[in-house]
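Note that subunit A is present in both complexes that follow, paired respectively with subunit B and with subunit C.
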Partner chain A sequence: MAVIDLLIGALILLTVGAAVTALLAKWRAVCGYVAFLFVAVASVWVGVAAFHVLSTGSPLSGAPVLTIAPLNSSLVFTVDGLSAVFLLITSLVAVCATLFSVRYMLVYKHHSLIRYYPILLLFFASVISVVSVRNMLFFLVFWEFMTLASYVLVVFETDNPEARRAGLQYFIATHIASGCILLATILLYTYAPVKSFEFGALLEGTRVLMTTSPALVHLILGLFVIGFATKAGILPFGFWLPQAHPVAPSPFSAVLSGCMVKLGVYGLLVVFTSLTPLSHFTTVWGVWLAALGTISVFVASLTALQQTDSKRLLAFSTIGQMGYIWLGIGTGLALLRISPAVAVVALMAGLFHVVNHACFKSLLFLNAGAALYRTGTRDMDKAGGLMRIMPVTAAAAIVGSLAIAGVPGLNGFASKWLIFTSGIVGGLEIPLFVFLVVVAIFISAVTLAYYMKFVGILFLGKLHVGPEVERREVPVSMVVPQVFMGILCVAFGVLPMLALKYLYVAASGILPPGYSPPFASLFGNSALAVRLGLSGVHSAAWGPLAILVAFAGCLVLGYLISRMGGAQTREVPMWLCGEEHDFAEVRYPAHSFLLTFNEYFAKLYPSIPVPRLPRPAAILRLFDIDRWFYSPGLRWGERIIRAISATHAGYPQLYMLWMIVGAALAVIVLFSMGGGL
Partner chain B sequence: MTALAEISARDLLVPLVAAPLIGALLCVFLKRRASDYVAAIFAVITLVLAAGAIGNLFTDLDTTHRLPLGWLANLAGESGPAPLVFELSIDALSALMLFVVTVIGFLVVIYSSEYLSPRNVEHPVTNGKGRYYAWLLFFVGAMVGIALAGNFFQLFIFWEITTLCSWALISYYQDEASLRAGFKALIMTAVGGLFFLLALVLMYLNLDTDPFAFDALGRLAPGLRSLVFVFLLIAAWAKAAQFPFFTWLPDAMAAPTPISCYLHAAAMVKAGVYLIARVVSASYGLSYGVGLLSGIMALATILIVVFLFLFQDDLKKILALSTISHLGYILIACALGVWGSATAFQGGLLHIAAHGCGKGLLFLSVGMITYFTGTRRISELSGLGARLPIVALGFFVGAFTVTGVPPLAGFWSKFLILTGGLELGGFGAVIAILLLVESMIAFGFFLWVGQRVFFGAPSFDMPQGKGVAWPMTTAIIILAVLCLAVTLFALPVIQHIPLGM
Partner chain C sequence: MTFAINLGLALLIGPLLAGIVRKVVRARVHSRQGPPITQPFYDLLKLLGKEDLQSVPSLVVQYAPLVAFASVLVAALLTPMGMRAPLGQYGDMIVFAYFVTIAAVAVVMTGLACASPYSMIGAGREIMMHLVVEPVLIICLITAAIKAGSLLMWDMAAWNYLNGPAPSMVVTAVVLFLALQAQVGKLPFDIPEADQEIMGGPFIELSGPKLAMFQWAFFARQVVYASVLAVIFIPWGLGFAFPWNVGAHLLKVIVLIVLVGVIDVVNPRLRIDQAMSYFFWVIFVAIVAMALALIGV
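For the complex of A and B:
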């Protein structure tokens, strides 16, 4: 059996799983475990296929499954390095989120699970399909199917008006985005010398257009960017994201942030590497992408700081982190023709952040989900100090928060460091990048601030929950995915070379053959440290182990000092200047975190009021065609008929007269025609 | 079995037209349950015969199987022989139309058996079912006749029969509103029919041989050809409810919902676009100007209608308006076909089938809502999804099909139309982009309606002891499956439909 058959097998398995879970939907817990079983097996198969591609470096391709002759398109499943990376992310997130769902979804007692597990499985199948086709037509089909499935899951709480509104906004926004992608695709298709939707044929179409009408190429690329930016949540197109992510069931929020928004990045890479030849267009748009990314980082991070809803905070953080990814990818694309070495590192940095963000953002959404499961609220003003009852969840949340904030030793730092380094080195060629990177670095501090808020208020401090809340850790099936994701965050942070080796296969695979410098010259030979060799010299290095050893040494030193000094830990009640207050009154709440700062930036993320359609009665009257077409016509017809009926007076003599007049008229007509009788 | 194998598609044509007509005659004398069974049996017979004919055709999709039936000696001209006027034939385009007409006709008959019952909350029906089925089957027969007509004259005869049936069926409840609506539909489509007749006369006067054959337009002088085409176009506008005739269609929603489904979504209004598709497919040398006229009028219809959407509160009227705009899509595809885009033309033909299934499904779903709740005002409905999950499924699948969400059928047809328009460039590209915008607005509106009606707190309690209304549920499920699968059947057939250049 060929390895690609594993992928196809996984797709079939997920579809069968959807049918099986639909039948089992009444048995809620069983349904969840069965779904997990299907997802786990399918994910392993997909993972094996993807890993095979990354380790051998050669793409896999299957036989055509379906051919649409009039459009010269056939459905062929293909896995190359780039899609393998996204397949691996998908399978990881899928397994964790489904396992988490099993117990989590039992909370929804009045919602049929037939709208959850079957759709979730079909969603995973469509994500897998999207990244493993090399034909824009089928890409679009699976893309829209994915959007459709995700819409159903976003509005899972159909009795919640907030969810309905967010779902509507989400689907319409992404549908317009799909419209842009569709339009751009068809435009390319019409100019392609060979009429086909294969990536290769469309690439030729772009090549033709570049010489004949460059403005149209900019339009097409702009449409693609709008389309994929909407999906990726890049501002100003990603306005749907902070509404839609919080209202979905938490495991699916994890999937949305961890996996689906990443496909915007995948689409972007496909457009700029597979549909556009390497040219000055790549450079120009690379700069634009990096700038858009930085704007997102800036606006979204400062807005995240103001949130008191835990999941909404995470959603804004997703926009910010996607901004970092776009900064990395944009840098890579802009420098591709100028300095291949820096460009490859920047692309890999972007991809690395994709992988890392998938790990820590789905982890954080699962944390928030676990808190929601236990306390029943997303409002951080109403719950806090959960570490006392949920130590493992709290520990995982701390790991995730530190990782996303870019604390050295964890994976977020490794990828952000690569993004910043390549951006600064790229700034030697295009100075704008230095500015963008400096903005992004400063905003990293804001990331740390709002995650301190998330962890500090939700998990640390004195326990602050209602009396109805059970005081114990969430079930094991919800703990395991969190721990697993946490371990991944640490592993990629300590051993970044582990991931970089494979990401290099992905990044060099999408560039023209022989374009990217060899791996060893870029990253050095050590498996434990990254030694960047940009433009031939050692430009930067990062050895996580050395830093971690230093950290550990400091910790030990601090502990020793406190031991030697005989410091005591005392637990005392809070001093309230002698007044008596309830803890809930004096507790440091989420909305007063960095208050002045937030007031200053409150208007940064504007809420645009939806314009109400005025009801211009005049236009309605204009379009009321009956008024000036049907009714007058009917009136006139009636008038004529009445006029004729007036001749029916009821006198036999009169009818005789009509007959004579008629006969005379007929004779005259016949004679006047000249033919004679 | 050998005898069966030797039956060719030609032999099935007369039984195919006759079966529903015989059923109609029988139903006149029957009541209640008996009429249900007889109507269902004849609908099945028609379906089986149609399946046989289409299956027979599949081996050889490029030829036309003709069955001449007779001529009128009086029509013999001075130079030529009397033209053939009664003739049935089947080719790929007929097969497409036949598929839509018989499959949806069958499902509507099944659906009606439960819809027209005392249990219907909106319009409890206790008698008059025989009359209903008689007209419905008569109508099915006429539609089959339109699909199988071998020339314009034959087509005109069945065309006028459908007008008559539509009048009777719209006015079925015989209250003030439905009588008015039936009359309005009759007047408008009959005026359109007069233009058809005028076109026939012009063809007869100017051609010596075969004046009514489908390729007759190509043999006329260019100026006359455009005139005849415009007359046929006016007839089609009236039938397919295009600007300025479209107002009869929203009014016709006074009809029982299965009738609205069949006449005003799947079949009768499709007769208009079928006529134009037939002309475009068979004629040579249609001028750019007539294409422009047809395209601009269809575009005007679509844009007016999308505006009217936003002021509607009646579920069925929304569907009616949406139907008008989708017929506009098909006419636009035909206009693009006149300009030489085979892709867009095929997209339009596929849209006949895709829209038939999708909109039919929407109507059947809405019918089930009124059956249980007695209202079709959006503002009075909410939270039906929990009580009527199958209806919710049907509504959303239907809405996604007509608005073009892949992988449902509407996506493929719209995709082909858009591709064709953009390939032509110039005005074609402008049309394509406007269509895309219209699609988005319609999609947003349908999604809003769906959420409003099916999500949220339930607005009514299902009384105890209500069955699941299986005939209606079955019809909805079959159509929902077809919405996904119809592309697979229809696309291979459509590829064999030529485009006259």
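For the complex of A and C:
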């Protein structure tokens, strides 16, 4: 059996699993465990296939599963280095989120799980398919599957109007995005010399267009960027993300952030490496991507500072972290023609952050989910100090927060360090990058601030929950995924070279052969320390192990010194300067934590003079998308659905008629497309 | 050997400098005798033997002082103090910047875990100050990195010694000095601790050895921050033979800390919003200096 068959087997397994869980949906706990079993086995298979590609360095390709001759397209499952990275992320997040779901979904007593597990399994299957095809037609089909499945899961809480509204916004936003991608694809297809949707054929189309009409190439690339930026949650296109993440069930929020938004990055890399030849277009768009990423980093992180809803805070943080990824990838693409060494490092930095973000952001959503499971509220003003009752969850949340904030020794630091370093060195060629890096570094301190708020208010400090809350840790099946993700955060942090070795295979695989400098010349020979030697003179170093050993030594020294005096400990009440206060009276609430800083930034906004417009009411209405777009869309959608449901009167004869008419139509379409076969 | 020099400078010279500032600067300005210059050591020793009062049984409060102490020492090991840093091959300026951030995080975590309203206010202020002061350090170091073409701190110092002083580096040195006051937590920027209004802020619930560890970490931190400014941006004495290069470095550090002490004594505390407006200007000037470096000035 070839290795690629494992991938196809996993897809079949997930589809079968969807059917089985649909049948078992009544037995809620059993259904969850069965779903977990299917996902676990499928993930192991996918993981083995992906790891095989990364360790051998040669792509896997199977036989055509399906061929559409009139469009010159066939469905072939292919795994190259880049898709292997995304496959590994997907399988990792899938296992953890499904295991977490088992107990978590029991909370929804009045919702049928037939709308959760089967759809979740189909969602994973479509994500795996999206990254393992090299044909734009099937890419789009699976992309659409993925979008629809994720929509159903986002609106799982159908009785919650907030969820319905967010879901609708998500649905419309992502479909406009899909429309952009589709339009760009069709444009490329029409200009391709060989009419086919294979990536290679479309690449030739771009090459032709570059000489004949460069403006059109910019339009096409712009459409792709809008499409994938919407999926990736990059501002200003990712406005759906902070609405949709909080209302989805927590394990699926973890999947959304940990896995689905990453596919925007995958799509982007495919467009700029497989659909566009290396040219000045890559450079120009690389700069744009880096700038867009930095805008997202800046705006989203400052907005996150002001959130008191835990999951909303995490959603804004996702936008911010995706911004870091785009900064890295944009730097890489922009410098590809100018200085390949820096470019490869920047691309790898972006990919490394993709992997790391998948680990810690799904971890943090699971933490927030565990807190929500226990306390029933997402509002950090209403619950806090959970470390007293949930020590393991709190410990995992601390690891996750420190990792995402980029504390050295954890994985977030390793990838951010690479992004910053490549940005600074790249700034010697294109000075703009230095300024982007300065903004990004500043924001990494902001990230730290709002994660201090997240951990500090929600987990540390005095216990502050309602009387109805059960005072114990969440069940084991919810603890295990959190601990597992936490361990990964530490492992990639301490041994970054472990991950970099495989990411190098992925990054050099998407570039022209022989283009990227050898691994050892970029990252040094030591397995324990990353020593960047970029074009000989530039150097930077990060040796986590040596630094951590020194840190541990200093900790021991500090411990010995602090025990030197043999000080006794004694329990005392908190000192409030002699005044007697009820604790609730003097509790420092979440919203006032960074008040001065927030006010300072708020002051920056109104200082921009806005010209008075003659009819402000009309202008305001124009910006109220809900009013003229979503709500009418909803009403029309309802009307159409009513009309359709009227045709389903329940008479078998009527259905027979529909089937005959449908079959006739299908035959006509097939004949006309196949030229009469 | 370099390990011993860097740790020694941080752990022993740090408290001694604080003593010198108290005796020579503050007492003189107040027209009084002042304590002996070894007084900080007596304070630390006394605190180490004192009772450790616990109001909140929290692991964070237990270990945050040690984390702050250790991270400042690691930062000291990453800083070249007159000669190559002992861990210079394992960490560059970004690693350094993050390690000094850890010390700030430890303070914030302590403040949050104590859950006293005073400590919470102090923790919030500590974060806000960090948000505006840390970028200054990073921008200044990036400016030096651009000039030197390397992110390793020793390379930057060596470049400035051999090729300096460039105009952008001089502006950067001034900017970094303006930030030094807040980095070492002295008036007018000791807003997070603010003894007279929020009773030491994050440290209100700490006593005995825990307070001693935090204080010692902050004494050491003075030396670390002053060393960065001295070694990279004041290019003098790096080429001396062994004991003299460290001696020259020590001299520069003493001068800087005494200057900081003078400013500390003659200034009242700013409010947090005033401090932030001030630092936004400092950041602006730092960015201008960086732009100068980028165009090769």
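Everything below uses one rule, namely that the second predicted complex is superposed on the first by the 579 of 677 C-alpha atoms of A that agree within 3 Å, B and C clash if a C-alpha of one lies under 4 Å from a C-alpha of the other, contacts with A are read in each partner's own complex, and residues count from 1 in each chain.
Please note the rule applied: contacts are C-beta pairs under 8 Å (C-beta built on N, C-alpha and C of every residue); 3 or more make two chains touch, one makes a residue touch a chain.
Since we're looking at a predicted model, the values are computed, not measured.
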Thinking of the overlay built on chain A, is A:C577 touched by subunit B (first), by subunit C (second), by both, or by neither? second
A:F629 in the overlay: touching subunit B, subunit C, both, or neither? Say first, second, both or neither. first
Is subunit A touched at more residues by subunit B or by subunit C? C
Quick check on the superposed pair: does A:R563 touch subunit B, subunit C, both, or neither? Answer first, second, both or neither. second
Per the contact definition in the header, classify A:A449: touching subunit B only (first), subunit C only (second), both, or neither. second
Touching A:G427, do we find subunit B (first), subunit C (second), both, or neither? second
Between subunit B and subunit C, whom does A:P70 touch in the aligned arrangement: first, second, both, or neither? first
Residues of subunit A defined as touching subunit B within the complex: 68-71, 112, 137, 140-141, 144-145, 148, 155, 158-159, 161, 164, 167-168, 171-172, 175-176, 179, 182-183, 186-187, 189-190, 613, 615, 619-620, 623, 625-626, 629-630, 634
Subunit A to subunit C touching residues, read off their complex: 385, 387, 402, 405-408, 413, 417, 420-421, 424, 427-428, 431, 434-435, 437-438, 441-442, 445-446, 448-449, 452, 456-457, 460-462, 529, 531, 537-543, 546-547, 550-552, 554-555, 557-559, 561-577, 586-588, 592-597, 599-600
Give every residue of subunit B touching subunit A within the complex, in rising order. 184, 187-188, 243-244, 246-248, 304, 307-308, 310-311, 343, 346, 383, 385-386, 389, 400, 405-407, 411, 415-416, 418-419, 422-423, 425, 432-433, 436, 439-440, 443-444, 447-448, 451, 454-457, 491, 495
Listed in rising order, subunit C residues that touch subunit A in their complex are 45, 47-58, 60, 65-67, 69-71, 73-74, 77-78, 87-92, 94-95, 97-99, 101-102, 105, 108-109, 112-118, 120-121, 123-124, 127-128, 130-131, 134-135, 138-139, 142, 145-146, 149-152, 155, 199, 204-205, 208-210, 212-213, 216, 272-273, 276-277, 287, 290-291, 294-295
